[in-house]
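Given below, in the form of structure tokens, are the structures.
There are two complexes below, and they share chain A, which is joined by chain B in the first and by chain C in the second.
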Partner chain A sequence: MLRFFAVRLLRALITIALVVTFAFIVLRVSGDPALEIMSVDAPPEAIAAFRKAWGLDAPLWIQYARYLLAILHGDLGQSMRDGREAVVVVAERIPATLELTVPALLFSLAVGIPAGVYAALQRNSRTDRAVMVAAIAGFTVPSFVFGLLLVLVFSIRLGWLPSGGIGGLGHCILPIVTLGVGGAAVLARFARGAMLEVLGQPYIRAGSARGLPWRRVIVSHALPNAAIPTLTIVGFMVGNLIAGAVLVENVFSWPGLGRLLVVSVVSRDLAVVQCILLLIAAVMIGANVTVDLLYGVLDPRIRTAPLCAGAGRC
Partner chain B sequence: MSTRPFLELTDLCVSIGGISVLRGVNLMVARGEAVGIVGESGSGKSVTWLAALGLLGRKARVAGRVRLQGEDILHMPAPFLDRVRGARIAMIFQDPASSLNPVHKVGDQVSEVLRLHRGMDRRAARAEARRLFDAVGISDAGRRLDAYPHELSGGQNQRVMIAAALAGEPDLLVADEPTTALDVTIQAQILDLLREVRTETGMGLVIISHDLGIIAETCSRVAVMYAGRVVEEAPVDDLLERPIHPYTAALLAALPNVDGPRRRVTAIPGSVPDLVRLPPGCPFGPRCRRHTSACDAAEPALASVDAEHPGRRAACFHSSFAHARAPEHKEVVLA
Partner chain C sequence: MAELQMTRRQTIAGALASGLLAAMASRAWAAQAGTHPRLTIGMSGFPPAVEPALFNHTATRRVVPQIFDTLIAFDHGKGMALKPALAERWERLDGGALRLSLRKGVTFHDGSPFTAHDVAFSFSPDHLLGPGRSGRSIAMQTLDRVERVEVVDPYTIVIRAKGNDALLEQRLAAWASEIVGKRAFEAAGSWDKWSAAPVGTGPYRLVSQNLDVNIVLAPHDAYWGGKPPFGAIEYRIIPELAARVNGLLAGELDIITDVPPDQFGDIAARPELEIAGGAVQNVRYLAIDQTAPIFKDPRLRRALSVAIDRKLFVEALWENRVPVPNGFQLSSFGSGYIEDFPALAYDPDLARQLIKDAGYKGEPITYRLLNNYYTNQVSGAQAMVEMWRTAGLNVEIQMMENFSQIQRKPVNAIYDSSSTAIFLDHLGHAWREFGPNGTLPKQVGIWSNEEYFHLGARLQDVVDVEERRKIIRRMLTIIDRDDPPCVVLHASGQFYGKRRDVPWIPGQMLDLNFGPSNQAFARS
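Our next item is the complex of A and B:
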């Protein structure tokens, strides 16, 4: 178990180092922060001064070395746009993003899993087909299109809900649904598949043969087994959720990390971008570790098996 | 057989996805009797018993009668069947490892039955599960209760399956190819165990197998199935001695010999008929050495062959003791 986590941690660190390096190179090579932030027609002296102040005049590899050194000292740098600590700039946006992503994830789980399980239990019925059509639609329609559609219907047409900005509960609903619907669709399809697979297993019939009522066969024998592959998808969904948040926050003018990320990339505000990327990496790694731990809880074959055997996640 | 049968299947027909899989199976099992069901793979042995217990699911159409102590249970509601399955008739399957739920401890899977059918509380159920584990020959029973199926061998898992089946104290145990997935030595142990359980509890037993040897060892009566019907029924010894139906004779000829020169196991010539396109008349016709044009006119019904032997029935136009002959080799290997 200890080795298991040592391996995980090492891999996580390597991933983070790669992400940070990649972002550094892309942002530095693709544009000049001085020009983006100062505006193109600023006097050349001012631009030079800006470059000097932020160390942009040094060769790229020196900048990179300085940057890494600073990170190792826990210093993620300052925002070039407003001079504050990047960490502070990022941190103040976290609550807004959590307000969207956590309910969206819960929405996906609460809608997708029951829908998929129900469809599997009613296989080939009208309900099953309806659920699958909805799931395919939810999966194929891009979230910003879906978001705009919702705005069109519920804000503009019906005038029930605001079309953007932050405020009361009303402001949350459309962005949360927009963000969660893709995940719900994926989960519905996956939970249905997992459930059908499990229902075809000999131990389900064997359970019935022992006289277990069907409800009990489902609840205590089918669902715990179907949960194992479904968990993999929940792990992947966290990544999609973050990507979705960037889009949805911009569609709904939601002042979260996603908006901040777009603004910071446009102005090549490296410190802030890096800070967000580190945060995303940490969240993804945290999600993966949680999923791995949950695997152990759900599946005794993994709990008692040697490292890397089983779910093939090594 | 003067006593009322414990279980009686009458004209059991099953079609799955529009294909007739069982075409009128007639069979009965007396209380405490051991009956073997033999036939090539795909002849409908498993489907017969799954249908009888209502385990086929919604895509199967089942017709006929399944009388349990006189009461037709075939289309009974689920709550009724839940009190039959496991409690009066238990069934175990070919692949013990996948017939146990991988995420639950084996002891809990046995306890579940005890709590359900015998109303035990947690502690009593665990104690009884432990006793059952001992009874079915699981060594170190106390510790094995907390093992998961993947931690046990195939033989141990089949013992767990048997323990779970015995937990409901059934009057009849249907064992569908209980040893097919196991090593030869383990096979013998499991068969010994089944025989032992029978002597101790007086439980009836149905063994489904494609191997006549296994059935000869364990059962007193045997039904031979071909293409979704029973084609011959007889006491095991009589059947081995003098098979009536040409298909049975062919099955016997395909058995390996104990003494005498070792010879290749001869498979029955021809192949299992396609249930969608059965030949006209007798389904065994194309593979039958005694086939005549009369055989293509209609399908022979399962009927008594000889008034003096009411236990012997066969479905063949040319069956009589005159035709019946001993198989080429007297001794039969008992797997």
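Our next item is the complex of A and C:
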């Protein structure tokens, strides 16, 4: 088991190193933070002074070496736009993003899984078709379009809810629904598919043949088995919590990590971008590891299977 | 399309009526929400710092006038004439020196009195050159000619320029010449702490600034220019246009910035809302890489200009709300405005002739384009490409993400730019772009003209009006006809969506003014 985690961790570290290097090169080569932050209208002397102050006048490989060295010392750098530590700038946005994404995820789980399971149990009925039409609509309509539609109805027409910004509970509702509907739609389709596959398995028929009540067959045998593929999607959604908020945060002027990422990429505020990428990577890895552990909990065969079965490769 | 023609009497009647409406709106606003209502503005960007010497970002300039004052100010309601501000009066001692009498009884937001020492500090290298005197500031754009400030007594100063300077008064009204509190600056101890809580004498003081979220101001009740009209101002940062418009339509915002013409209809259709704004002291132009082989011949550069039907362009894309200047100048330039300089012509026949004379054989001309960094940029580019095609020019659009990519060498292309007249003269405008230290010759390195450079250097020392006009005329001719570094398109427009009952009239700069000197309150 220890080796299992060591291999996973090593892979994760290599992935993070590649992401960080790729982002460094792309952001540095495709834009000059001095021009973006000082403005194109600033005098050339001021732009040159900015480059010097932030070490942007050094060759790219020296900048990269300095950056890596700083990371190894636990220094993720300062925001060129704000002057503060990048970690501080990023950390202060985390609560706002969680304020949206966690309720949105819960919304997706609470709506998507029951809808998918119910649709599977009512296969080929009108209810099934209605749920699937809604699910397809839910994930084919882009979140920014859906968000603007909600604003048009509930903010502009009815005046019930604020159109954007951060504030009280009212400010959260539209962005949470916008973010949650897409996830619920995806989960409904996956839950239905997984459930249908499980319902066709011999052990379900065997359970029914033994005279077990249908409800018990579903709850004790079908749902736990259908949960495994669904859990994969949930893990992916948890890992995607931060990245997925980019569009919605921009539509609703929500000052979270997604919006910070967009602004920082545009202004080539590298330290902040890298900090967010590291955070996204950490959440992704954390979610994947948690999902792996939960597989074991849900399915004893996974828990007891040898790590390096078959060809002997892990 | 019907042309709107007004007699002088109708114009005066209209002006009186709009003044009366503004006054009524002012009173209605006050009656509705008390004498100090809160103003909420939806703004597209967050300022990198609210410090006048460090940045000239549009977002910075929208906040700075509330917090700081200059010694002399531009009167936006009177053709940008100069008017007293922190200096009650001034007089010329000679071609390069100005004595100013400072206003007494003015206090900074921290309660300290405003004196000549604050002025001396504000114009000192410790402030103007930014952190550690590194030069990481935009102040030298306007104040490079200021040599020193002499404190005569606590309320009298003499400002001396490097040589003669006909524009010294204007420099003191321009960007970066705002007066900061010396005591507060020193008490802050570092530039970071100072930038986080700057202190000025303006009508509002900074309460808080939250990165990418908002900036909140409160009135400076001891303001020397009268009681600030708003009880609080909140600039909400809303980068997405749709979100800003939605906020205005939903009644959550009082004013929104950066409204493009295609949104005018939706906003103006609401009885409680209106579009405000118009042309500002800024010119939109296309920069041309003179060093590219294809543009070596100035006739081809000129052909790009005369092939554009600017009247149609402005009608179709700007609802005729922005003017086309005659040359790289603005009519507000006072004695430096060459009013009889030829208008920018649309002459397709001349374009074809110039193209033929230049020996152009249809080689592709690259147009490096940003995705609507400027309002109407992409649709404008597409329209111009068709106009050029009609004249025989083969221009191909190449989309780019930012100015670093646009200005990457070798440029070998044309690209969009704009130029703000930071003070109202050729030296505060075209010279900033095309002078030896300007954007095109120095920063990008795509144009130079020794005669132009020489004339500009002379212009800086000339005070005589006629002599200045002669030099400016020649400089305009060089950049318009003889060796064009650019194609002038039109004056830039800045438009705002606002509630009708908010008493505020935008000025002629990118700056916003919500103080008692705004025309809406001056009228009422």
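By definition in this document, the second predicted complex is superposed on the first by the 303 of 314 C-alpha atoms of A that agree within 3 Å, B and C clash if a C-alpha of one lies under 4 Å from a C-alpha of the other, contacts with A are read in each partner's own complex, and residues count from 1 in each chain.
As a convention for this text, a residue touches a chain if its C-beta (ideal position, glycine included) is under 8 Å from a C-beta of that chain, and two chains touch if they have at least 3 such contacts.
All figures in this text were calculated on a predicted structure; none of them were measured in a lab.
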| item | value |
| --- | --- |
| Overlay on chain A: chain C relative to chain B, clash or fit | fit |
| First (chain B), second (chain C), both or neither touched by A:Val283 | neither |
| First, second, both or neither for A:Leu196, with chain B first and chain C second | neither |
| First, second, both or neither for A:Ile47, with chain B first and chain C second | second |
| Partner chain in contact with A:Ile71 - chain B first, chain C second, else both or neither | neither |
| Partner chain in contact with A:Leu260 - chain B first, chain C second, else both or neither | second |
| Chain B versus chain C as contact partner of A:Leu35, first or second or both or neither | second |
| Chain B versus chain C as contact partner of A:Val251, first or second or both or neither | second |
| When both partners are placed on the shared chain, which of chain B and chain C touches more of chain A | C |
| Per-pair minimum CA distance [chain C against chain B, superposed on A] in Å | 50 |
| Those residues of chain A which chain B touches in one complex and chain C touches in the other | none |
| Residue ranges of chain B in contact with chain A within the complex | 50, 53, 55, 78-79, 81-87, 90-93, 95, 98-104, 112-113, 116-117, 148, 150-151, 161, 164-165, 167-168 |
| Parts of chain A lying in touch with chain C, wherever the complex brings them together | 30-32, 35-50, 52-53, 81-83, 89, 148, 151-152, 155-156, 159, 162-166, 250-253, 255, 259-260, 263, 266, 268 |
| Partner chain A, residues of chain C touching it in the complex | 46, 48, 55-57, 130-131, 134-138, 140-141, 192, 195, 210-213, 236-240, 242-243, 246-247, 249-252, 401-405, 407, 417, 420, 437, 439, 442-443 |
| Partner chain B, residues of chain A touching it in the complex | 201-203, 205-214, 220-221, 224-225, 228, 298-301, 304 |
